[in-house]
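Two complexes are shown next, each including chain A; its partner changes from chain B in the first to chain C in the second.
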Partner chain A sequence: MGVRRRAGGFTLAVNPILCDGFGHCAELAPDLVHLDEWGYPIVERTPVALSNLSALESARFAVRGCPRQALRIERVAEEERRA
Partner chain B sequence: MIALTSPYLWYTTRATGLMALVLFTGVVSLGALVALRVGGSSVGRFEISELHRSLSIVAMVFLGIHILTTVLDSFVSTGLLAAVIPLTSSYRRVPVALGAVALDLMLAVWLSSLVKTHVANATWRLIHWFSWLAWATALVHAVTTGTDARGGVGLVLVGLCGAIGAGAGLWRALGRPTRAAGRTALSPLAPAPPANRRHAGPAREMPARPRVETPTRAERSGPPPTEAPAAIPRRAQDETRRRRR
Partner chain C sequence: MIQAHDLPRLLHASSGRPLTLEQHEQAFPIGQRPGGLFEELEASGLTGRGGAAFPTSRKVRLLREQRNHHKFVVVNAMEGEPAAHKDQLLLSTNPHLVLDGAEYLASMIGAKNVAVAVARDNPSVVNHVTRALHERERRHRRGPKFELHTPPWRYVAGEESALVHWLDDNESLPQYRPQRPSILRIGHSPVLVDNAETCANVGLIGRYGAQWFRSLGTEQSPGTTLVSVTGAVARPSVLEVPLGERVRSILAAAGADLQPRALIMGGYGSGWLDGRHVDVPYTSQDLAPLGASVGAGIIVVLARDGCGIVETHRIVRWMANESARQCGPCAFGLPAMADDLGHLAHATRDASAALQRLMERAGLIEGRGACRHPDGVVRFVRSALAVFGEDFEAHRQGAACAGAHSRRHYATVPSLEREEELIWE
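== the complex of A and B ==
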């Protein structure tokens, strides 16, 4: 079961209406989130494998650390995943 | 029952009350720092935010002990009801009522934060503003009824708490939040971030947003654009970043 759960990938999704540019996500998940000139996040749109546990953990930290709950993890099926 | 008549409960009440005030001063000050987006270079913003969250839990524990020992102690006849409902205490009616008001406000702030994901952000923010009122009420409660706030170290501590909290409140009211500005493919003149950055780089003042030319009524009535204009820079941005890697 554990093997099956790790199949596929994930991306971080930002709700731009809730986001207030606190910038915590870029600190907690520097590999997945970059900040634009105004401090708002630009998330990596290439899905990351769910088996990449350190990336998944940092993504979870970013979701939990967002002061506006503007982030969520979206799962992507195996077929859609590139790279 | 012997323990309930011993002076130690009363000492615990005094000590935890004073410490709760110190902790709540720290919590509201850290909250102001979070809202002002302080941090980014030497200390992470998320670290200040996490400290604000965890310190608030510690402060609530101290407040809980403070109230519990006051209720249990038989030196003053303050019941559990008087700790929650204002003006129901026979002992020092108004000062204890101030403490009850502060407790109720803090409970509202705490509970709204516990269910934050289920509450609209505007509602949560409105409730969170009451933490300033709760802190100020607690300060007055400490000054009016605190046994240790009459002089000596206790008075100095309460005065320091008042000064720090008031300073944080003033900064929060008058200050302007700094932005954690990053660098994009569209801003080649922005300073490059360090190669292995743990934090988002030093916070900068928010640069002026470039003026977006809004089309006049005559221009807008022309043929609609074939592609949404907002999509173009975003895609170009991603392409540039991918190529750079």
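== the complex of A and C ==
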């Protein structure tokens, strides 16, 4: 186990074709995902810092809990996050 | 050789019948191209004519860098926009110019196969292309192998990833491409997709070079383009104009009212232009601040007795039905927006709440589909809200404008098909 670098951020990315609106992600990561009126996820577009461990943890739960495997964590470099 | 300032270029020597290969070679003799093919294409500054106006040379460069043995060039003549007729006209006046362009593109990226995609709902164009391909085959020319493909005619079937999906897997459904610019593939082979009109322009650049090409048009958007003018016009027509021409003179050439209520510029996924702005030059740069674009070269004229909200409602309802229903926000959001617009168009008691909902939903749907279809509809609705602001206010208060009662429609909208009747493969 090396030292994880916690620079940079992440966002959740949904594959809209795979997504069928089960809505598990909104329950597992309520801070990152909201549901629209049809039950499809609206994810936060502003990247969250990777050092925010609780947010990262819940994002991982959402990714693993998605029945259609439509969610992915996308890392964003530090410079892009600032910009 | 066609002189540099001569118009038409793309429709040169058109006679109402497609040019045969001999006639084509006489009409477009091989000229003196000053430099190498790719250098000339880069210098020409040609942008894609299919709607997005992406620089063709950047696309070609991306494909040149791919080190695969098999590559494809796809000529996209699907023409999903109901108001567009340019690819159809181009392929039934001069199919060989388009095919020449495809051949040039294939030689630039090193492709061995060229697929020409024409919607099967247009049998005469399919016949013209078939004949042109046979003519070429008989010549035993060296070069790429041509194939004709006939996907079903759907609005999103002409979207490049949907078209490549059809060629790959016989399904006209758009693909999810998180990274952009992304390279589309058939199997493992990279694909260069270009609009038929873009290919025809490449055919001209390959013959006569960049300087010749740039002699018409503006500095930033050089060349000529085909414009399909429909709606409230005396002569619905496809015109070839140099980019940068005033919109007013395009309208005059088609015999339109020169003080229209509004114009649809670019396509049903693009936007409305207020009729007061008819003096704007016809380039993407000049139209963008006004919320419109050159797009796929569509102008639909809405006469002064028309109602923009009714037209927007008809178009959005059809666009909602043309959704591939792969992504939730598009499959559910677009019909919801169409319903809201219906309340507004008929000035029902729910109109006030519908306007509120419409604006909220426009913000929610944007950017959440795999392709840009929902974004286009949202853009169209937003531009309608901007251009017909006063009419929306009147409709909201239950007093539909005079145009809504006249029951005259100007935009071409195909009849709605039931969901289970839509053909995707």
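Quick note on the criterion: the second predicted complex is superposed on the first by the 77 of 83 C-alpha atoms of A that agree within 3 Å, B and C clash if a C-alpha of one lies under 4 Å from a C-alpha of the other, contacts with A are read in each partner's own complex, and residues count from 1 in each chain.
Quick note on the criterion: contacts are C-beta pairs under 8 Å (C-beta built on N, C-alpha and C of every residue); 3 or more make two chains touch, one makes a residue touch a chain.
Predicted model only: the values in this text are computed from it and were never measured.
Would you sort A:Ala26 into first (chain B), second (chain C), both or neither based on which partner it touches?
In the superposition, A:Ala26 contacts chain B only.
Figure out whether A:Ile42 sits in contact with chain B (first) or chain C (second), or with both, or with neither.
Both partners.
Under the stated touch criterion, which partner chain does A:Pro16 make contact with: chain B (first), chain C (second), both, or neither?
Second partner only, chain C.
Among the partners chain B and chain C, which is in contact with a greater number of residues of chain A?
Looking at chain B versus chain C, the one contacting more residues of chain A is B.
Looking at the overlay, does A:Arg68 come into contact with chain B only (first), chain C only (second), both, or neither?
Only chain B is touched by A:Arg68; chain C is not.
Residues on chain A in contact with chain B in one complex and with chain C in the other?
On chain A, the residues that contact chain B in one structure and chain C in the other are 18, 21, 36-39, 42.
Quick one: which bits of chain A touch chain C in the complex? Just the residue numbers, please.
Residues of chain A touching chain C: 13-21, 36-40, 42, 74.
For chain C, which residues are in contact with chain A within the complex?
Those residues of chain C that touch chain A are 175-176, 178, 326-330, 332-333, 336, 364, 368-370.
If we count contacts the way the header does, which residues on chain A are in touch with chain B in the complex?
By the definition above, chain A touches chain B via 18, 21-24, 26-28, 30, 34-39, 42, 45, 61, 65, 67-69.
Over in the complex, which chain B residues touch chain A? Could you list them?
34, 37, 40, 44-46, 49-50, 116-117, 121, 179-184, 186-187, 190, 197-200, 206-207, 209, 237-238, 241
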